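To keep things simple, chains are lettered A, B, C and D as they appear, and every chain counts its residues starting from 1.
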Amino acid sequence: MQKNDTSSLLQVSGLTLALADGKALVHGISFDIAPGEMIGIVGESGSGKTLAARSLIGLAPPAVHRTAGSIVFDGQEVTALSAGALRKLRGSRIGMVFQEPMTSLNPSMAIGRQLDEGLALHTTLSPAQRRARILEMLERVRIQDPAAALSAYPHRFSGGMRQRIMLASAMLLRPSLLIADEPTTALDAVVQREVMDLMVELTRDHGTAVLMISHDLPMVARYTDRMVVMHHGRIVESNRTAALVSAPREDYTRKLLAAMPTRGPVREIPQAAPILEVDGLVLDFPAGGGLLSKRPPKRALKGIDLRIAPGEVVALVGGSGSGKTTLGRAIAGLLQPSGGRILFEGKGIARRSEGWARYRAQCQMVFQDPASSLDPRMTVGASIGEALTGMPGLTPAARRGRILEVLQEVSLPAEVASRYPHELSGGQRQRVAIARAVVRRPAFIVADEPVSALDVTVRAQILELFAQLQSRHGFSCLFISHDLAVVEQIADRVIVMRHGEIVEQGPRDEVFDRPHHDYTRELLAAAPRMGGLVHDAMTP
Amino acid sequence: MLRFVVRRLLAAAPTLFISGAAVFFLIRLIPGDPAALLLGDQADAASLADLHRRLGLDQGLPTQFSLWFQRMLHGDLGQSIRTGEPVLSLVIDHFVVSARIVFVAVALAAAIAVPAGMLAAWRQNGKLDIGLVSAATVLLSIPSFWLGLMLLYLFGLELGWLPVIGYVDFSEDPVAALTYMVLPVATLVLHETGILIRMARASTLEVLRLDYITYARSKGLSEGAVLWRHAFRNAFGPTWTLIGLVLGNLLGGIAVVETVFTIPGLGRLLVDSIFGRDYPVIQGCLLFVAFVYVLINLVVDLLYPLFDPRVAEA
Amino acid sequence: MKLRKMNAAIGGTILGAIALAAGIGLFWTPFDPVTLGYAKRLAAPDAVHWLGTDEFGRDVLSRLMTAAATSARISVLTVATAVLLGTLVGVLSGYLRGWTDRVLMAFNDALLAFPGILLALGFLAVAGANEYGIVVALGIAYAPSVARIVRGTVMSLREMDYIAASRLMGNSEFFIVWRHVLPNCVAPLVVLATSMFGWALLAESALSFLGLGVPPPAPTWGNMLAGSRPFIAKAVWLAIFPGACISLTLLGINLLGDALRDRLDPRMRNT
Amino acid sequence: MKHLHGATLIAVLLTGATATAAFAATRIVVALPADIRSSMPGTNRDDNTDSVILNVVEGLVGYGEGGDVKPLLARSVETSADGLTYTFRLRSDVRFHNGDKLSSADVLWSWNRYMDPKTEWRCLAEFDGRNDLKVLKVEAPDASTVVMRINRRSALFLDTLARTDCGMTGILSKASVKADGTWDRPIGTGPFEFSDWKRGRGITLSRFAGYKSPEGSKPDGYVGLKTPGVDVVQLQVIPDPATVKLGMASKSVDIAQLLSSDVVEVKNDPALVTSAESDSSKHALLFQTRDPLMADAKFRRAVAAALDYKQLVDVASDGLSKPNNSAVFERSVYADATQRKGFKTDLTQAKALLKESSYRGQTIKLIANKRSPMPSFQVALVTQAMLQAIGIKVEIEVLEWATQLDRYNAGNYQMMSFSYSGRLDPALSYEQFTGDKARQARKVWDNPEAIALIETARTVSDKAERQKIFDRLHEMALADVPLINLYNGLTVWSRGKRVGGFSPWEGKLRLWTARVGA
């Protein structure tokens, strides 16, 4: 929806940002936004997209200085404005929404007062008028019982509700430009969709232009008119969204698009006795409470039955709080179930039972957060080597050989073995974690959100590596993820969970193309998948 | 709210009991017999036996403990072996003396240190910050009793402005009592300010790093409003807890400052009764200090929701 | 960043100078720190006795130099005892949680409310009036605060994925604690140890003040300061110099401690 | 008990005004190192409490300057031939503070109260037979005579009655006790009345106008001339020695006891008169003869010969005292020429003795304490230096007083720098450190002949015969060296120029000796 008049709301030309020691973080970027237009800046972490956005209204961290370039907003050169004048601009003409809902609202101040602050500063409305306007806006963002919300404190609201309140706060002053810095990254797919739709609706009503910053390409592609791709502080390419996605001109853009997960081939899984069986699994979390108040335990898993065949990759999907991680940890043996059975190769896996020793050798786990999956005090070689302790008949030389071999398998250079985790990138650390899991040739791996903490391109490489290793070693895998696009690429079978129960289970194509359960449909609808890229968002 | 108080006191009961019991048995195990101390070097066996019976020291330790414990529950902490005064009134009188100095000192120190700490955090690595932090570190490094001694020498002996030593109770002569308090309070204020500046600065730095400060700035608020309305209230929570901690520690142990300024405070009473093996007074002091410690933490926690509403619902 | 380098530099030079003096003091001192010199009692600082003499006519400078080693030794041993005991309790209660944690912490808090002097007296009477009594007493007096901090660290470490991974490899809990938990407690413990060194030095001086510190023939800064109190009107230098030594050492420790904490604690790196 | 007794105060002001021709009441302030433990004579007390209370109450008999016992409230004391019956004839002119005349009924009432275990009198065990002596019967044949029968001959019966820690067995009026029998305050016959006591702060004593002093031209211990010269004495509790010194300098305190180390500083202050008064307490170096090395008499003699007593005492007492190696205190009536003989310092002989002894360079532990005003540590420090000179290695182990007392009572030490409390009668003084170690671990000299001699001295009351016994004991001690008596303790007193005549005795306040504006 390209605005026809040429006078753009914001012109950024040759903007360069650098640290005190001269190291440039953003190199001469230029772009402009027309009034009411919705533009997205996409890039991986460290591309300088957030820094650029925040510097537009002078909120860059004190250590960063603008060394060149101009920012013209509504005909005014922002960089020449005095601090007071710039402050007048903020809040009234340019609003902002942040990424982390948990810490972006002042925990010790009621919602009403936080919303009122901007209004009181920039308008001459009486308190009563302001209150009315706030209540009206809260209703617009679908907060139940707005009057009560005014005197409530932030911690009483869910992440999605807080993001809506942030949106209300920014839109109260009808800014002409809204900067949204990763507004929904921390939210569930379903909630993410609601907040994005709301933002589009509000900004269109008030004719507010939106500068959206995100690393989630499909989500940006769905909502924005034009897109700018940034890499290492430079703008690689900027074009109308449809054109950019269908005919990318630059290699990096192509690499980004290619990294989007696409549906993988259908694989024939030989029918065989299941390697892992779970019958009627129940797990309760003690509700805590002191010596006195004994609250009833919280039931996380309400009777789970599933089978995993040898060599099969089963995906476990669901929103946060669905219990998928709990199930994964229970199956791996990290959590003690309150009822039901878990059998591995037909035998129980309880700690003291005879199946336990074999299960410990045959089942390994890959974790989500690369930062906490490796012991910071141990070298990479030592961490991988630890998995080999207790392997019968392994001389130190054989052990070293085995470590180098597995590092090679995850395409990491041999010299990484002597380096420490904090010296590696997120992707490299996850490769080490996978190496540690496969080095003992386990028959079964539980992967708990292995790629969700990674950047787009790195995620693609890791998924591809994982698939390779799986097919070469033939281990079966329980793959837990909230990202349907990833699941679509890697899974043979999909299990959908909600509130501790399995709502639907079946082969990947069956579940993706002909979902039976409403919740599955809702999940699929919410997840922006590049598969059938269409601007459905823009046509109401 | 009452339920919260009762629950806290019940939670503290085991700790109080354990420390009470531990003190009871430890002081009886270390050598030194209060009766012998009373009678001096010429304690003949017979009068020693009389005294032991009178003080109840001849019974077995368990019986002595249960006796003391039952009486303690009724608020009777027994009599001092040395002076025969009831322990409770003895401890309270001395506590009032120490408390008056400690509360004034900590209040003053907090009034100076907390704003200073926050300003230092706000102007991080600026000249103000470096100046304040260095001053705090120097103050922190000077032992309070040496500081007291030097102040005493300078203001008392050399300049003679302030009364050097001794203690006048408020009841007798309020003005004189105030002059006696100046030096001990000054000693504590200087020392505690050092500690509190660093604490306030650290917790303010934590807060300034969070998103809602940038959010506040994005609303166009002035730096002053951001600091006062947003940073101050949230940073004060953790600092407030630490002030409670500092208060608790000081009340139990400024014996050394009391020695320098000859103040008949709780610390001095504890030390003298330890040297005199005055068992009931030692136990009374320690129990009282532990109880005050619990009370202060309770008050700190009760006021905490003022700074952080999330806690209110706990 | 500038602040951190400055701290380390100043702190380093102060401690260096004092360590040098203490080092020399072990072998040579201008006068014999122990023998009594009745002639020149309470002499003011002059060309011969740079820092004057005490009530027994002994040279203050020599005593300060020999005292440095004793005070340092006591502080180091005290910190070591406290860290050892505290870590043991902290790891046990932080790792095992549940009833063990509740019981250990109840004792721990009871000990926190315990004044150091009573402990010191208890041990001095049992172990005899010597350094070891003081070291054990102060060690135990400070162990609870170490235990609290170690417990906090261990509780957060316990939730780390690499602990779960190690458990999945079939390693015993004991192995996990030894291989993963303890090494990761080292950084916070080092930072704590530097500040505790200062506390121990202070506590020894305070104990001497109350007549409980290291027995007088062996000089420590604490008992020199305590001994100077009756003569403050006539010979104030007796109080000034030991106090100054203690303060300078503490200043050095605190400055070095700050620099060390910034380096070890990544979160604080940008201050 | 905190309030001021209106009646007494008015009485004092009136009497003060009338008796001394309408002068304003004269008033002095005296510093006390600590508050009194209680106002009941001889019960729950310490030396400091006795020092105050013995200005208010008097016993039938009291100590003279030289430690001999003389009549006080009794005009005369006759002892029966078999030494088992004592007849006390009371003075007729003695009144209590509330005006009542002293009669034998009061003596009987006071005695029965002391002997009642509930009173918990300090010296109950001395008279109820538990320490051999038992008072069988006390009668009052008439208003002015009291007869006491005891179970065995004892030269120390009167001496024990007069002991200050027994409160001089002070005779009290029935009015000292409230209607319900609980203790109110001491109404005695002494030169001062017990007017008021503010716990922890101080005591007010006022002059007893109706006081009749026993005969004597000048004060003689607790007897002799005792007419009070000051109307009101305010006893102020000032625990910290440094404060006392400053109180004196600022004239807010008239009389105070100082530390011997303060004397050199206060001596040349023109406004103050400073005096050191020696008493019967003893500072000594003890040997535990059960320790193999200490049991060797040669080694003990070597130590005795190695010490330069003049210099040691000079340092320890800040030059205010001189050596006295005898157990009999300097000013005692029994202190004759033999008692003045002491150890001879002779380094060469000391080294020779050392070589012959079983000492092979071991380090000896010498226990001392640093509690003020005890000189224990200074003595130990000088001894260490002097023994080092002849090659004996000594390590000083400083203990806190309560722990040292424990080790002393248990005899658990090699050497110890210790201070004995005052004992005026030489028999009691020797008995402090002589006795069977098996029965009493604290005893130092376990010599049967010495024990027997002391036993006879306790029963024989003839002065010449006791003098021979004490001289024999002194010679044996010099030869056997069970311990080394160094010097008699001393108390240092300082008074403002405006206060004249004050002189303490045995470290205790004799307030009746004080005058204002001498």
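Everything that follows uses one rule, which is that a residue touches a chain if its C-beta (ideal position, glycine included) is under 8 Å from a C-beta of that chain, and two chains touch if they have at least 3 such contacts.
Since the structure is predicted, the reported quantities are computational estimates derived from the model, not experimental observations.
Interface comparison, B-C against B-D: more C-beta pairs in contact at B-C. The most central chain, judged by the distance from its Cα centroid to the centroid of all protein Cα atoms shown, is B.
Centres computed as Cα averages put subunit B at a distance of 21 Å from subunit C. Chain centres here are Cα averages; for subunit B and subunit D they lie 41 Å apart.
Averaged C-alpha coordinates put the centre of subunit A at 89 Å from the centre of subunit D. In terms of their C-alpha centroids, the spacing between subunit A and subunit B amounts to 49 Å. Of all residues in subunit D, those touching 2 or more other chains are 242, 371, 400, 403, listed in ascending order. Residue positions of subunit C touching 2 or more other chains: 121, 125, 211, 229, 232-233. Against subunit C, in their complex, subunit B makes its touches with residues 14-16, 18-19, 22-23, 26-27, 29-32, 124-125, 129-130, 133, 137-138, 140-143, 145-146, 149-150, 152-153, 157, 205, 252-253, 255-256, 259-260, 270-271, 274-275, 282, 286, 289-290, 293.
Interface residues of subunit A facing subunit C in the complex, by the touch rule stated above, are 329, 332-334, 357, 360-361, 363-365, 367-369, 372-377, 383, 386-387, 389-390, 433, 436. Listing the residues of subunit C that touch subunit A in their complex gives 160-162, 164-171, 179-180, 183-184, 186.
Note for the complex: subunit A touches subunit B at residues 54, 57, 59, 87-92, 95-96, 98-100, 103-109, 117-118, 121-122, 153, 155, 166, 169, 290, 292.
For subunit B in complex with subunit D, the touching residues are 30-33, 36-47, 50, 54, 82-85, 93, 164-166, 262, 264, 275-277.
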